[in-house]
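Please read through the structure below; I'll follow up with questions.
The chains carry the letters A, B, C, D, E, F, G and H, assigned in the order they are written, with residues numbered from 1 in each.
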Amino acid sequence: MRIIVNGEPREVNAALTVAGLIDVLALGPGKRAIECNGRVIPKSEYPEHQLGEGDVVEVIQAVGGG
Amino acid sequence: MRIIVNGEPREVNAALTVAGLIDVLALGPGKRAIECNGRVIPKSEYPEHQLGEGDVVEVIQAVGGG
Amino acid sequence: MRIIVNGEPREVNAALTVAGLIDVLALGPGKRAIECNGRVIPKSEYPEHQLGEGDVVEVIQAVGGG
Amino acid sequence: MRIIVNGEPREVNAALTVAGLIDVLALGPGKRAIECNGRVIPKSEYPEHQLGEGDVVEVIQAVGGG
Amino acid sequence: MGTLATRDGDDDWLLAGRRFHSRLLVGTGKYRDLEQTRDAVEASGAEIVTVAIRRTNIGQDRERPNLLDFLSPDRYTILPNTAGCRTAEEAIRVARQARALLDGAPLVKLEVVGDDLSLYPDGLETLRATERLVAEGFWVLVYTTDDPVLAQRLAEAGAHAVMPLAAPIGSGLGILNPHNIRLIVERCRVPVLVDAGVGTASDAAIAMELGCEAVLMNTAIASARDPVLMAQAMRDAVIAGRRAYRAGRMAPKSHASASSPRRDTAA
Amino acid sequence: MGTLATRDGDDDWLLAGRRFHSRLLVGTGKYRDLEQTRDAVEASGAEIVTVAIRRTNIGQDRERPNLLDFLSPDRYTILPNTAGCRTAEEAIRVARQARALLDGAPLVKLEVVGDDLSLYPDGLETLRATERLVAEGFWVLVYTTDDPVLAQRLAEAGAHAVMPLAAPIGSGLGILNPHNIRLIVERCRVPVLVDAGVGTASDAAIAMELGCEAVLMNTAIASARDPVLMAQAMRDAVIAGRRAYRAGRMAPKSHASASSPRRDTAA
Amino acid sequence: MGTLATRDGDDDWLLAGRRFHSRLLVGTGKYRDLEQTRDAVEASGAEIVTVAIRRTNIGQDRERPNLLDFLSPDRYTILPNTAGCRTAEEAIRVARQARALLDGAPLVKLEVVGDDLSLYPDGLETLRATERLVAEGFWVLVYTTDDPVLAQRLAEAGAHAVMPLAAPIGSGLGILNPHNIRLIVERCRVPVLVDAGVGTASDAAIAMELGCEAVLMNTAIASARDPVLMAQAMRDAVIAGRRAYRAGRMAPKSHASASSPRRDTAA
Amino acid sequence: MGTLATRDGDDDWLLAGRRFHSRLLVGTGKYRDLEQTRDAVEASGAEIVTVAIRRTNIGQDRERPNLLDFLSPDRYTILPNTAGCRTAEEAIRVARQARALLDGAPLVKLEVVGDDLSLYPDGLETLRATERLVAEGFWVLVYTTDDPVLAQRLAEAGAHAVMPLAAPIGSGLGILNPHNIRLIVERCRVPVLVDAGVGTASDAAIAMELGCEAVLMNTAIASARDPVLMAQAMRDAVIAGRRAYRAGRMAPKSHASASSPRRDTAA
């Protein structure tokens, strides 16, 4: 299925969870937040939260700013 | 009947109009506005607008200000 | 003989007066001062003041300034 | 004899030295300078420098200042 | 001659579609008496004059002279203010009173104060009041802080002029933040007037040099030792500042530059 | 009306015993051409005009128009300067040349520079030159720093006017140290003029509000985008500042003070 | 010794119930690299550090070092900002992202910009966002203009700190309107921090002398020639300004007053 | 850590060939008593301390404690001043008294006042005194106006440090003309110290940011509500300002520049 991650369309397996997406994206161990369709997903829900066709996902981190 | 004019209670004849009030108050010829119960009364309505018991009337003019 | 006028050497007839120099230089009618060897020459002395070999003459006028 | 010390006239023994004056005035041990008739007397001269009639002596110290 | 030069109307300005020549607006408060008020206003050259809206003193109304007898609406454009109001509702009520009093003239100086000590405006109430007064057909000249974003919102809401304060009303501290006034002038499509805080003539000139369309003041004139002379000074200062703005000032330089030629000095 | 009010001479000032009306003195350097010089000077309303003293360009003298043909000594009081001089001796020599050139007129603007980059005056040479020029009968208007003690010394030495700089010549930075200018005005018996560093109209107004007798400038007018319009602005600003000074400005306050009455608002 | 004197905690300050010693908060943007960021933050002595919230660069995430590896939340209080947001909704969304990212930490620096050129805040959207974030349990430190009335409204709405700008973000112009900062300090019950516009050490000292609880800055350190040394300078300046505020400065006088005794000079 | 960083001597300065670490010099006048004087001087970290030279109070000399018992010349470099002198001759006499009193130490702070109200120096007498004191072997630190030309003349005459006033002595008005201080720093080969007029910590920081080698003050500390705390503030402020100067401040910009990245915001 097709989802949007950080603005880029991406083809992923159906029934992918947020935890699975983190593996697929090969994200590092740093602190981050994941938002799906405008709602932040709590870390505790990563294993069960299933992504769906067309979902808009944002992977968010802290960067330098003032 | 009893009305309030510029914050002061005042005993007037029943069925007094705004035009009548102006005479009673002996107001001068200068520019002014008259407000009754929070609503400005247009000059054209002075002759017919009847005041009622407990009406709150404000007689307003321009004064020095910045 | 040789004199210096406004920093430039100039060959002139011997026994030239300041008045004569003004003719030679074809100066206009505007206001000016003439200084000879560091001393201002009064206008009244122009006809008789004789220049000498090596004299340093300055012809001076008013220009825009603040 | 009569001398002036810090602006005050003072009667002292004739042939008083600067060192003697310090004793007479009962000055403390702090740092000071002594000036006689406008000239600073070096410390080394205190024992022999004799004061004379009418001498103007200043006893000077450091005080708070900016 | 120079003064006459501007008399010819080549630098008039427009407020709510009406053409004005004088760029100085004056208040009428704090004068010794109405004669002094009139004389100072006249000396200022102002065409627009602010007034406050207050209860008539009933008993004394006949004998007491009236401000508008001294400053006729036939000669001056009267700009009633909503001074003293602390909410949009209060200000709207006063604006309606003023319009009735002035035979339907739609001009109003909107002033909704949020702090009694500084007399700074309440931005939110001011914006609400602006929106509603504009909807009722008023021509709103709005007293505001020097916040450029708020000024833009007010202009977008339909205010006919945006009037940032230079400093607290009546303080005479001059233009505390010229940077903000310049930002407002750059951003707003409607006339920008400095409204409060001017203390002396040079302050008024600075306001105009920053590009303001006009200046409004009261205390700086009324509380001067000689109000009529100060009114003249302010009139001249506004003209001076406006001309300097139009003339385009020299760029400031951190080093000197001689006015007289460096060459051709006698040796 | 107001402008006319001062025309009646009730606020003229005296310089070396002569009466002047305009409190703006202007320089004649840095203009595009002599026509512009003349127009700007005329627009400024100045009665006293500074000029520099330089060698005549011998070959071109006949064809080239002369500054004094455009600014006649019959109409203007010509104030020759000693710009470019670095010692008392140089300045005295130029002053003598100027006096001869101007048929014995004794006025001179004394300028002895001690630093080529800032064009700041050399106080010691300036004082020496002042003493000698005064002894020779000159009427000395002396360009100086804003040092109040030096200003007093120059006045005591016989200078007819003391002219502290506001900022470096030609910088347009405005009055860098108003405190010093005020001290000088308080201390000196002779007229105090701000001489250099004015950049725009409000600077000139400030100089007058500090109590100066007059202002002298050149670059601020000549280097404006529109010199003639800026000359008018400066004329107006000097008048405005002077009137504000005479009118006695309100005392600045750190808190607000309402212009409209607090009482008698409708309930 | 003096520095140690404050180390003993007698002048700590409270933010949302937590105690802090350092009164300097620093941003982490615009540095050359993360090593320099870390070194400058360390040199500044800051305990609270702002960060921005942005999309992870997916492909490069593994290799690229992470800001929070250099500035550990175990050591520093991380203050995420909502920079770049233009509406209350955007800001609330970013605040929620930040809270999730920081394991539920409720602090947020609210920034809702209303003008792209000046980066001035939009007061209305900022107030709306403050109300909603407070309702959601955030501890809101709110970037605002120097409008005292708005600052009070924000404090009343539950903001934990009010942070007026000194000048536009990144401008380094210093405190454009000290009068307003002082008014805000007088009126607000919550800590007041100057948030933007500081350019050099003395600006930070002035902010503290005005009575601010702390100062927040980024560009003034990051864009200095030597950011680590400037971070030290800022740390010292904030301490200096705070001590001067507590020590109670002398009253300025318009005339001189000798430091050395006038009497007892040798005749 | 940062404070320690400068303790290592890498930013010491030289005065008359001697090395100093602290860039704050303090006066000893106007304190409540000698204990407070000592505590404030100690808290300031100053290594050089000014004193005045006055007549001993003969009768009370034995009992009365002596300033130098509290501030030992073994620990502090004592800098005697010539405060109160109005001519070169008076100042030279006091300098000689001071040298004798201090066992031949050649340092002197030369102060020749030309105006009793402003306590501004007399430039000419100051220059004359400098020349003669230098010839007698004194190391002259000279109090002067902020006139750049005079400052250069004093340095050329052999002064070991040039010390322009920031504002009148004891006024606390801060640096009235930063432009002149910068010009002096650019022109003089010897150390430039701001000597008078500082009122609070930020003023001291500004002096150092302008590039001065050090700052000398008295009243700003002694007349603070808490002199010892203010002494610490001044010590920190001077360090802060020096570091900011060395760190190279960011260039001020008239427009904003975001601290957080503009890109990579969540859509």
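We adopt the following convention: a contact is a pair of C-beta atoms (placed from the backbone, for glycine too) under 8 Å apart; a residue touches a chain by one contact, two chains touch by 3 or more.
Nothing here was measured: the structure is a model prediction, and the numbers come from that model.
Student: Using the touch rule from the top, work out which pair, B-F or B-E, shares more C-beta pairs.
Tutor: Of B-F and B-E, more C-beta pairs in contact link B-E.
Student: Which of these, A-G, B-E or B-F, gives back the A-H interface, meaning over half of its contact pairs coincide by residue number?
Tutor: B-F
Student: List the centre-to-centre spacing of chain D and chain G in whole Å, with centres computed as mean CA coordinates.
Tutor: Each chain's C-alpha centroid was found; their separation is 62 Å.
Student: Please work out the Cα centroid separation of chain F and chain G, and write it as a whole number of Å.
Tutor: Once rounded, the distance between the two centres reads 47 Å.
Student: Can you compute the centre-to-centre distance for chain E and chain F, using the mean CA position of each chain? Integer Å is fine.
Tutor: 32
Student: When the centre of a chain is set as the mean of its C-alpha atoms, what distance in Å lies between chain A and chain D?
Tutor: Their C-alpha centroids are separated by 93 Å.
Student: Pull out every residue in chain B that's touching 2 or more other chains.
Tutor: Answer for chain B, listing residues that touch two or more other chains: 6-7, 35, 58, 60, 63-66.
Student: When you check chain E against every other chain, which residues touch at least two of them?
Tutor: 27, 29-30, 52-55, 81, 83, 93, 97, 118, 120, 169-170, 173, 179, 218-219, 222, 254, 258-261, 264, 266
Student: So which chains end up touching which?
Tutor: Listed by label, chains in contact pair as A-G, A-H, B-E, B-F, C-E, C-F, D-G, D-H, E-F, E-G, F-H, G-H.
Student: Which positions of chain H touch chain F when the two form their complex?
Tutor: Where chain H meets chain F, its residues are 114-115, 118, 120-124, 127, 145, 147-150, 152-153, 167, 173, 176-177, 179-180, 183, 187.
Student: Which chain G residues qualify as touching chain A in the complex?
Tutor: Chain G residues touching chain A: 27-31, 34, 37, 50-56, 58, 61-62, 66-69, 73, 78, 80-81, 83, 93, 96-103, 169-170, 196, 216-219, 222.
Student: Spell out the residues on chain E that touch chain F in their complex, using ranges where they run on.
Tutor: Checking each residue of chain E against chain F gives 1-3, 5, 27, 29-30, 43, 45, 52-55, 57, 81, 83-84, 93-94, 97, 117-120, 168-174, 199-206, 209, 218-220, 222-227, 229-230, 232-237, 239-244, 246-266.
Student: List the residues on chain E that touch chain C in their complex, please.
Tutor: Residue positions touching the partner: 258-261, 264, 266-267.
Student: For a test of understanding, state which residues of chain C touch chain E in their complex under the given definition.
Tutor: Residues of chain C touching chain E: 6-7, 35, 56, 58, 60, 63-66.
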